[in-house]
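Report on the following structure.
Labels A, B, C and D are assigned to the chains in the order they are written; within every chain, residues are numbered from 1.
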Amino acid sequence: MPYSAIATVPSAEPRHAIAAAFDAVRSHSCTLAAPLSDEDQCVQSMPDASPVKWHLAHTTWFFETMVLQPFMPGYRPVDARYAFLFNSYYEALGPRHPRPARGLLTRPSCQEVRQYREAVDNAIHRLLHTVDEAMLAEAARALTLGLHHEQQHQELLLTDVLHLLSQNPLQPALRPPADAPAARRWTPLRWLDQPGGEAVVGHRGDGFAFDNEGPAHPVLLRPYQLADRPVSCGEFLAFIRDGGYRNPQWWLSDGWATVNAQGWNAPLYWADADTAEPTQFTLHGPRPLDLAEPVRHVSLYEAAAYAAWAGARLPTEFEWEAAAPPATGDVWEWTRSAHDPYPGFQPFAGAAAEYNGKFMMGQVVLRGGSVATPPGHVRPTYRNFFPPSARWQFSGLRLARNL
Amino acid sequence: MPYSAIATVPSAEPRHAIAAAFDAVRSHSCTLAAPLSDEDQCVQSMPDASPVKWHLAHTTWFFETMVLQPFMPGYRPVDARYAFLFNSYYEALGPRHPRPARGLLTRPSCQEVRQYREAVDNAIHRLLHTVDEAMLAEAARALTLGLHHEQQHQELLLTDVLHLLSQNPLQPALRPPADAPAARRWTPLRWLDQPGGEAVVGHRGDGFAFDNEGPAHPVLLRPYQLADRPVSCGEFLAFIRDGGYRNPQWWLSDGWATVNAQGWNAPLYWADADTAEPTQFTLHGPRPLDLAEPVRHVSLYEAAAYAAWAGARLPTEFEWEAAAPPATGDVWEWTRSAHDPYPGFQPFAGAAAEYNGKFMMGQVVLRGGSVATPPGHVRPTYRNFFPPSARWQFSGLRLARNL
Amino acid sequence: MPYSAIATVPSAEPRHAIAAAFDAVRSHSCTLAAPLSDEDQCVQSMPDASPVKWHLAHTTWFFETMVLQPFMPGYRPVDARYAFLFNSYYEALGPRHPRPARGLLTRPSCQEVRQYREAVDNAIHRLLHTVDEAMLAEAARALTLGLHHEQQHQELLLTDVLHLLSQNPLQPALRPPADAPAARRWTPLRWLDQPGGEAVVGHRGDGFAFDNEGPAHPVLLRPYQLADRPVSCGEFLAFIRDGGYRNPQWWLSDGWATVNAQGWNAPLYWADADTAEPTQFTLHGPRPLDLAEPVRHVSLYEAAAYAAWAGARLPTEFEWEAAAPPATGDVWEWTRSAHDPYPGFQPFAGAAAEYNGKFMMGQVVLRGGSVATPPGHVRPTYRNFFPPSARWQFSGLRLARNL
Amino acid sequence: MPYSAIATVPSAEPRHAIAAAFDAVRSHSCTLAAPLSDEDQCVQSMPDASPVKWHLAHTTWFFETMVLQPFMPGYRPVDARYAFLFNSYYEALGPRHPRPARGLLTRPSCQEVRQYREAVDNAIHRLLHTVDEAMLAEAARALTLGLHHEQQHQELLLTDVLHLLSQNPLQPALRPPADAPAARRWTPLRWLDQPGGEAVVGHRGDGFAFDNEGPAHPVLLRPYQLADRPVSCGEFLAFIRDGGYRNPQWWLSDGWATVNAQGWNAPLYWADADTAEPTQFTLHGPRPLDLAEPVRHVSLYEAAAYAAWAGARLPTEFEWEAAAPPATGDVWEWTRSAHDPYPGFQPFAGAAAEYNGKFMMGQVVLRGGSVATPPGHVRPTYRNFFPPSARWQFSGLRLARNL
């Protein structure tokens, strides 16, 4: 089973296929962390980010809590105290360690967390071999949620490591500079006409989807145009050089306040944007800015300001979904849609009920996927979301305009 | 012309009718401020609120800037420095005094602001008598915007005064307790069926509307039910007594964080909610809680938590508008809709372009109107908006649920 | 009895002399407030400052609490709620209104506070006429404390009004510009030799003194020199122009952090220090900087940095007292001494025990007196004190150096 | 040469004795860090604390900067970037990494820092073998300062590790619980009479002392009494149980504000003080509170409040020094003296000028020494200092009173 198909494991798969999918996703997390020292994995660089070790432990706790405890009679947690340490935000599951203090957990050590992962992985394998047919389907559904959850944290692990390394004056790289992708060729932006009218949005069919992707429902759209690709670094640089960060006319009110309070004058991780040789800090270390590459690490505020400056706007999430642009493979794309519940929204049952529903206020939807997203993780109906001021994700934008 | 019709003054009205409408709205502001001393009018009780004097001066500056300067050749401002002091948030009109420092402006005095109002009122009258026919229509449109703007500030003046008086341990009243409305009779909540389907929302026709109310456009709605009245204080008290403020399961994530950070345990201005004799601080001073009265001074977070606890939800702004509930006359009703631009949204032209558009992020729509809203100010398409944590407005809620 | 002698009223004075002293001090407060509108008197410009109205009411409450209640049998407070509103910091006297919220008290009105003053003044007169001989001495001592207390607030009233007016972009003046003192003649600084050796410091004799001025005790001093006058604005300007605010070598560690956090680059109320025409905002409005005048509105940090730059240091409070420089009449002079208790320190008895003792940490002593100090209020042993970062007082410095 | 004598190495020692002293101090740092994982050594638990790795690197940079660069011709730093990363607060030595971000430095790794230490240690040995006689004395003086500096960081390393471990819900111990000292026998407090009079304080003689210990000078003291031992945990518990943390009468004004803002109700690291079985978190993990042991981890505010409650006071630093109590060996003892310069104070020459002088404001002197202080580090004239709110040091108190 190729990696890219893993995360869609349906419960109809035979047991060994499920186990293989599980192993593939779980080992990928370890592969991502492998180049990092225990010190790198332990530190938290800001309250919004989590230590790598925490990601590795939290996703493991998720399998213990959502799969092993409900479906494996007599299962005893590896360490009862981990429920307190590695619960992220599930109020129904009891008190938990405060998020901004995750980086203080020098114990359990990275080594102990690796052992924790191994113990839980073994238990999952035992479960898959022993669970009776009657419960297999339900257990596999819970397992599938756990795998998609782990994939989300794989991306977060990379965004959080990037932030940590960026804070170090030594500017260390996660990966060898030599492995960085080659510079691209820039192509002129083309506008793709979209007819509008009635479109059905939201997840349909049997495959896995998060609760916030449903239910599918019809919406009415006016005719519009969507750009054939995200905005490039070179284009965003023109906005900067035109004084874009200093001109309030392009900005939402909260955005302008944020720009001034934070002193923003370029996307996160850019340096020397006002010189002839701007650079960008990346997982491969600092690199000359690739002008043809999609701009990333911009907030919704910056995305909307750029769009206004360019005489365009951001698409709504339904305009994006209806047009179904080719998998972007580069950046998450900010839309102009609040992360609101779809009509008839039903949260996941049980402990996972808090997965998405309680974040349906103050968050903005991003669509697409990024270089940091695990292969096979996203769908056209996928609704990623972050607050409008967030910049440490691989977030960019695509333009839309009225017809 | 009855007061309630004033604010819809169309430019086709004869000059004297426009002048009468202008006088009616302007004098109402002074009537509201009349019971207050100069001290009461000068102080700012929190950054979100403004002094009464500032409201009186700002609305006057608005007429100077949006009407007199464009339409009255050779007009010279009463005081050139007022543009700096009394601009609220118009970046295009130059630098301005910081909002949290409005309460430091003991000069100009209340008396000088009253003279400022008089001078501008006189100039508007001169303009209405002298402007030539060709420009009258356009000038009247600008004047109409100024009147609706002033009416918005009339409501804010009351909400801000209420907050100021509530901060005083002496618990002073704006109006005599004897003038307070009599207690109501509670009626059981009834659910009104709504068919859903395609509905056209947004402002149509010739009357005045703010830019964020258009353009009108069709939306698709599922069948739903809407309550026949807002939630009452007695009903909200049951939520409190059921531990509603201490149970995270009812709350949005940001709401729960806010409840704990701010120590909320009842709506703003309530006291002794945990006793047999809860009270509410009002413009008439402290009063026993009227259980039949709509609950007010709740945030979106509290409104949504109550709705979840009650097994219902908040309506979207389109569900509200399509059902067109009878003018509520009591409280603004939180909807579950972000203050997003309508498809094809066009801001006002000129200096008023910043009126609403730049607040289309981080704000939630309220529909209806309140006891503090000037008569004739609202429409079924009216979109009021505040951040989800705001409580000092006359904000309550109405329940909806799926059919 | 001339005003300058009033505040030292000993209990041996006849009753009418005490009453005259009382009236003189009390009416001076009203004279200071007279040019201000009720709005000016109500607003609080920062947490460290208090509204004028609050000063007028607090000093009145002090007489009620420290004089009328203990010495006038059956005395009933003018308004029982004022004890909550106008207690400054006396924990032993019960809960009190929070300091940063003093500016929210639009009620009681200025007019009511003036009536409060009149009622208490009348009661004090009645007390002075009726108290029996046996208790007169003790009552007069309490009254004397109240008068010195009121004089302290007379100075604070001016410093706080200056701060309030300085925050107003209209730059209003408390007093007519024409009344401002004429520019001075600068004289070269001369060093006065001081022999050092054993010196007795602290208050002796029968006159009034605050508790922190005693007991008198001997100290040992090395020989030193003290400047014959405070540092002038022109001299301080030379420090600024030499980059003094940008060079860490002159600064205490906390001072350097404060300079950078607050963006200080000149004394408070200075403007255009980097031009040929620097100005200073004063109680007479903005004025060209008088280079010969003592520099004022500097923090201890700035005073110490200037002294280091000038190759000198600040005197200790004992060096200052032993040298007894001529009454400065211009600025309070920062010393290099913490506001620590003298050996054998005894706080005032009773409710006044909190007067000074609990502020003996984190405060630095200033000696001298200022243009804002009421005549007759200070003594050579007087210990004024403020935190090292305070700048809104009339605070300057005098240089010392080792011999 | 016994360890306890090492730190006083005078330049007259032969080269090999100096080298031995150097090795002894340097290896002690590594011994302290040895039980800690690389993760433990990398994390920073609060802005006031530093990571263990940072302490190990900073002290090494100090030798490079203060000894190798001035005295070893042609010396090239191990890594030129370390001057930026590991400078603590020396403004004259150029820009530096911000203190609160020290915990983000996952690189250089612990392993690299150990190599850094080894390289610098080798270079110091080469220097000691090669420096000519003429410069040896001066180099040895600089080296001696570096050794005393490293000893200060040895204590900080322990206090900072204790704080880090205390933040971990797993409550890990640095050292085996079995190694914890046995419970003590409590002895009744005895008062030792002190005659007062003239006393000479400050450092005299040839041995090493920090610049803030001089010059020696006479002071006048009143007769007083000093307790024969520090206040014990049991005695402090009585203060708590008498409501000491809830009664403002015992507290300095800033102390009372801090108690309420921070919610303090017991010394740092105490738990369950309101139960019959209070515990204390220590370097050996959580332990039952030893009632006979000196109380530690109290702020100056708590020390002064306890003393007031006990009808006593804290001694001044000169009262402490004149009485010369037996080496306490347990806790640093807060005095009632600000960390002010002695008359005629001269900072160290050169780059070390910033060592103590710029911290002579806002700091309070502690005398004595603690269980965490390296043997041989302290003297009767030693002036340790911290802000009055600091609690994470091994800080306790000894009572004094007037005779």
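Keep this in mind: a contact is a pair of C-beta atoms (placed from the backbone, for glycine too) under 8 Å apart; a residue touches a chain by one contact, two chains touch by 3 or more.
Here the structure is a predicted model, which is why all the values come from computation and not from measurement.
Path length between subunit B and subunit D in the touching-chain graph (shortest route): 2. Measuring from the averaged C-alpha position of subunit B to that of subunit C gives a distance of 46 Å. Subunit A and subunit C have Cα centroids lying 59 Å from one another. Computed from the mean C-alpha positions, the centre of subunit A lies at a distance of 38 Å from the centre of subunit B.
Residue positions of subunit C with contacts to 2 or more other chains are absent. Interface note: chains touch in the pairs A-B, A-D, B-C, C-D. Contacts from subunit A toward subunit D in the complex involve residues 37-43, 45, 81, 84-85, 97, 101, 103-110, 164, 167-170, 172. The touching residues of subunit A, counted against subunit B in their complex, run 89, 91-92, 198, 217-222, 248-249, 251-256, 300-301, 304, 336-338, 340-341, 343-344, 358-362, 364, 388, 402.
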